[in-house]
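Alright, structures below, take your time with them.
Here chain A shows up in two complexes: once beside chain B, once beside chain C.
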Partner chain A sequence: MKFQEELKKCISDVMPELDVVIGWCASFDPLHATPHFMRRKEDIDKLEISPLSVHNLATYLPGLRGKKVGIVVKGCDSRSVVELLQENLIDRKDVTIFGFPCTGVVDQSKIKKALGHTGNVESCEMSDTALVIKMDDKTQTLAMAEMLADKCSSCRYPDAVISDYFAGEKIGNKGEKDVDYAAVEAFEKLSVPERFGYWLKELDRCIRCYACRNACPLCVCRDHCAAESRDPHWLSQENNVRDKLMFQVIHAYHLAGRCTECGECQRACPVDIPVLMFKQKMNQEIREIFQYEAGVDPEATPPLLSFKMEEENITEKVW
Partner chain B sequence: MPVLEGTELRIVGFLCNWCSYGGADTAGVGRFKQPTDLRIIRVPCSGRIDPLFIVKAMMNGADGVLVSGCHPRDCHYSEGNFYARRRLEIIEKFLPILGYEPERFAYTWVSASEGQRWQEVVTSFTDQIHKLGPAPKILGPQASDTLSVMEAAL
Partner chain C sequence: MGLVKYLKSADLTPWLEELAQENKVFAPRYEGDAVIFAPFDPKQEISIKHAATMPPKKTVFPQSEKLVDFTYSKDPEDLSRVMIEGKEVLPEGTAVVFGGRPCDVRGFTMFDRVYLAEKTTDVYYKARRDNTSFITLACEKPETTCFCHWVGSSPYDATGSDVLATPIEDGYVLESFSPKGQKLLTSKLLENGDRWISKGQEVNENAVESLTDAPDLSRAPQKLLDVFDNMNFWEKAAAKCLSCGACAYLCPSCYCFNITDETTGMKGTRFRSWDNCMSAQFTMEASGHNPRPTKAHRLKNRVGHKFSYYPGIHDGVISCCGCGRCIKSCPVGIDIREIVQEAINHEPAIG
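Let's look at the complex of A and B:
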């Protein structure tokens, strides 16, 4: 990546004033990256930005409040940072944001599906158009466009919406127009009972690991999460699909007007449940009713924290 | 076994203390005839209602949920129902993606003096739910019907 050296220089210039800078580095195999916490100059050399930089690092910010933190963000991650700033969960003066032009990140599930398994990858070469993966004494080439996460193919914010330093040339944000809700619309072609069946089937494999919650940058309740609370007792500890589905509704509703659709919930899911669709649907409604998009303006008031005496887009039922 | 087993469905009503609960009481005092499917839960204000109450009620076997509060600008706490309106509108639009017909849920405003209006609301909402029939159940004895839907989707 061309901008990577520029970014490293930026980081090393500011590093003395910061406690930690969060980025990505290589992980256990050539096909994965992992979050990288840079505290010393030599850590910066390990920084690697590539289509494998899937993690939304904004998730770490509320936990590091009070420290001087630098963070490297993709466009989608920067919207989570905006949202955290809006909710006063982090302080602007303590956060230094490094942006770069993001051309999309891969979806590991798609790679796994294409290769069958990804157990012993020996090397992975990436270009703008292809992934060349060497595995089991074979070399396989996958088209990058097909391996990109769904959120990337319809990305409207490739550049960070908020940044202190920006390395490389900006791609240009499209903004709030042309939102792609193809996945939701395709799902809505099913009849209502079929949708119910679909969710019961999908959620049946949920193992209640709560990775979706833990990866979510806006799930900030920590020990007070409704999923584990006994008072109020929203969910039981029983292994049944009702409570699994209920948790997803709780998650989606608690994100109403806050979710930036970074897709971390779905990426983190070990059993590939399409849980992002709940949030997309919620956002679609919020956009239609309130013309609001989360994670763009740190000064905006979210729709569910305000009201109008006369709502233009709400038509009440006439009895 | 309840007397009305098979003919009655389970509808949960969340009513605000100040207007709609009073309205329901007025309807009772006025001896207006009402269907008996509705079970009322009294809450301090429609703004007290977490929309997740509605989903939780559905998942625990309710066939319909009705929410009623004070008319806009008439809230006992000035603005509770304005916030409620936004939240309830969102959950109403969200229910179909989960697989619940949007008609299973309704919210409305009934004041304490509107006994007649309360009767109309309850009657027409109950009719609406009866037209849809019982909601799909996830747990309990009726869950096998849902499981067959699930298998059909597989």
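Let's look at the complex of A and C:
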């Protein structure tokens, strides 16, 4: 990435004032990156920004409250930072935001599907248009556009919406087109038994590891989650798919009007359950009722964190 | 050497169908984009080309199981006197697990030392363990996250397995490693395997050859104890950890559980369900004190338990089977190999 050196210099200049700067670096194979916590100048050399920089690092911010933290953000990640600021869960003065022009990140599940498996990747070359992966004595070229996460194809904010330093040329907000909920709408055309059947099947393999919850930048209850509360005992410990579904519903409701659809819940799921759809549905409703988009304006108040005597789009029950 | 047989690829499904007549058979198959062990269904294609997303852990150690059904009743003479009657729910029936990998199945031998110990035997675990047979698939090529050879195993290790199946051209060389395994190999679908033995050995040897050098982990138990109080070390190692339970629940050798009594009215059930040391509630005490208050304390426990505390009381056996699932399925790519090696190479600051 062309702006990477510029970004490294930026971070290097500010680092003396910070406790830690979070970015990404290479991971266990050439197809994966991993969050990188930079504390010393030499750590900066390892910083790598690429379509493999999938993790939303904003997840770490509430846990580091009180420390001076630098964070490298994609456009989508920056919206989580904004939402955390809106909800007063982090302090603006303590967070230094480094933005860059993001051209999209990959969806590892799509790559796995395209290649059959990704267990033996020897090398991975990336350009704007392609991923060239060497594995099992074969070289395979995948079109980048087809391997990008779904959120990237409809992304309107490729540049960070908030930043203290920005490396590279801004791409600019993309179009006026509203977020596309076509997948949710198509799903809703199915009958109730079909929809319920779909979730019973998908959630059956849930192992209740709560990676979906812990990867979510806005799941800030952390160690005090309703899912694991013993008293009251909201969810049964029986291996019961309805209780797994119940947790997803609790999660989605807690995120209504707060979720920026970064997709970390779904990406983190070790058994690939498409749990993002629950949150997309909530957001679709919130947009309709409150004309609100989460994590764009640090000064705005999320609709469910405020109260109005008369809501414009909610018809009071007529007695 | 046990019984050696040969199975043609085309006969695999008929063989599993045959086994399914008397046993519950589990085999890996796609559910969504994940490969999990599910009850064998001849109409659904099994997926055995690569290690499954989930190990077959739940076949012997279910995600959640009923231990006891209980009922309260009141003494009609004295209503303040409440009596309880419990009924143990023991697992029944036999099972055959096809398509686990050597690492997956070897994981149960680490359970055995805990659940089948001389002084205390876990009757629920024992019932399933005794009644489950494993037909394990030898690996042809290790993945980038594989490290079974670091922890005393190999791509064709039959430890814990009843039958080892080595894939060769158009079929499998099957070798039994227990009386249970011998019984599994009596099917008429199988032919004498003697003339295929050398082919199988070749596949096994090639797999071993493709492994990279394994570092020496003999100092790990002591070195991990040396860094026990070094919270800087653990905070650095755990900085990116999300403290979720994916690593533990995907681990073939993680055996921790929670017990919950769930009561409705006068009836209730005692459940045992998976638990994991990455969860804050794992060590939460009734007083409100938590001896492992941060994710750094918890990750320290997970690594320490596998590579130091468990070997310390179990003849030096590392309670990690090297399957690499905790690495490849970690949402943030934490690499346990890296942490162990860092501990081994860690030199305390002088002064």
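Criterion: the second predicted complex is superposed on the first by the 311 of 319 C-alpha atoms of A that agree within 3 Å, B and C clash if a C-alpha of one lies under 4 Å from a C-alpha of the other, contacts with A are read in each partner's own complex, and residues count from 1 in each chain.
Convention: a contact is a pair of C-beta atoms (placed from the backbone, for glycine too) under 8 Å apart; a residue touches a chain by one contact, two chains touch by 3 or more.
Fair warning: this is a prediction, and the values are worked out from it, not measured in the lab.
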Once the shared chain is lined up, is A:250 touching chain B (first), chain C (second), both, or neither of them? first
For A:192, select first, second, both or neither according to whether it touches chain B, chain C, the two together, or no partner. first
On the A-aligned overlay, A:236 touches which partner chain: chain B = first, chain C = second, or both, or neither? second
In the superposed arrangement, does A:207 touch chain B (first), chain C (second), both or neither? second
Which of the two partners, first being chain B and second being chain C, lies in contact with A:223: first, second, both, or neither? second
Looking at the overlay, does A:21 come into contact with chain B only (first), chain C only (second), both, or neither? neither
After lining up the shared chain so the two structures overlap, which partner does A:37 touch, if you call chain B first and chain C second: first, second, both or neither? second
Does chain B (first) or chain C (second) touch A:307, or do both, or does neither? first
Taking the contacts chain A makes with chain B in one complex and with chain C in the other, which residues are shared? 201, 240
Quick check: in the complex, which residue numbers of chain A touch chain B? 184, 187-188, 192-201, 234, 240-242, 245-246, 249-250, 252-253, 256, 277-278, 281-282, 285-286, 289-290, 303-304, 307-309, 311, 314, 316-317, 319
Which stretch or stretches of chain A touch chain C in the complex? 20, 27-29, 32-37, 55, 59-60, 109, 112-113, 116-117, 119-121, 136, 201-202, 204-205, 207-211, 213-215, 222-223, 228, 230, 233, 236-240, 264, 267-268, 270-274
Touching residues (chain side chain C, partner chain A) in the complex: 31-34, 36, 49-51, 53-54, 62-66, 141, 143-145, 236, 239-240, 242-246, 248-250, 258, 260, 262, 269, 271, 273-274, 276, 279-281, 327-329, 331-335
Across the complex, what residues on chain B touch chain A? 51-52, 55-56, 59-60, 72-73, 79, 82-83, 85-87, 89-91, 93-94, 96-101, 106-109, 117, 120-121, 124, 136, 138-139, 146, 149-154
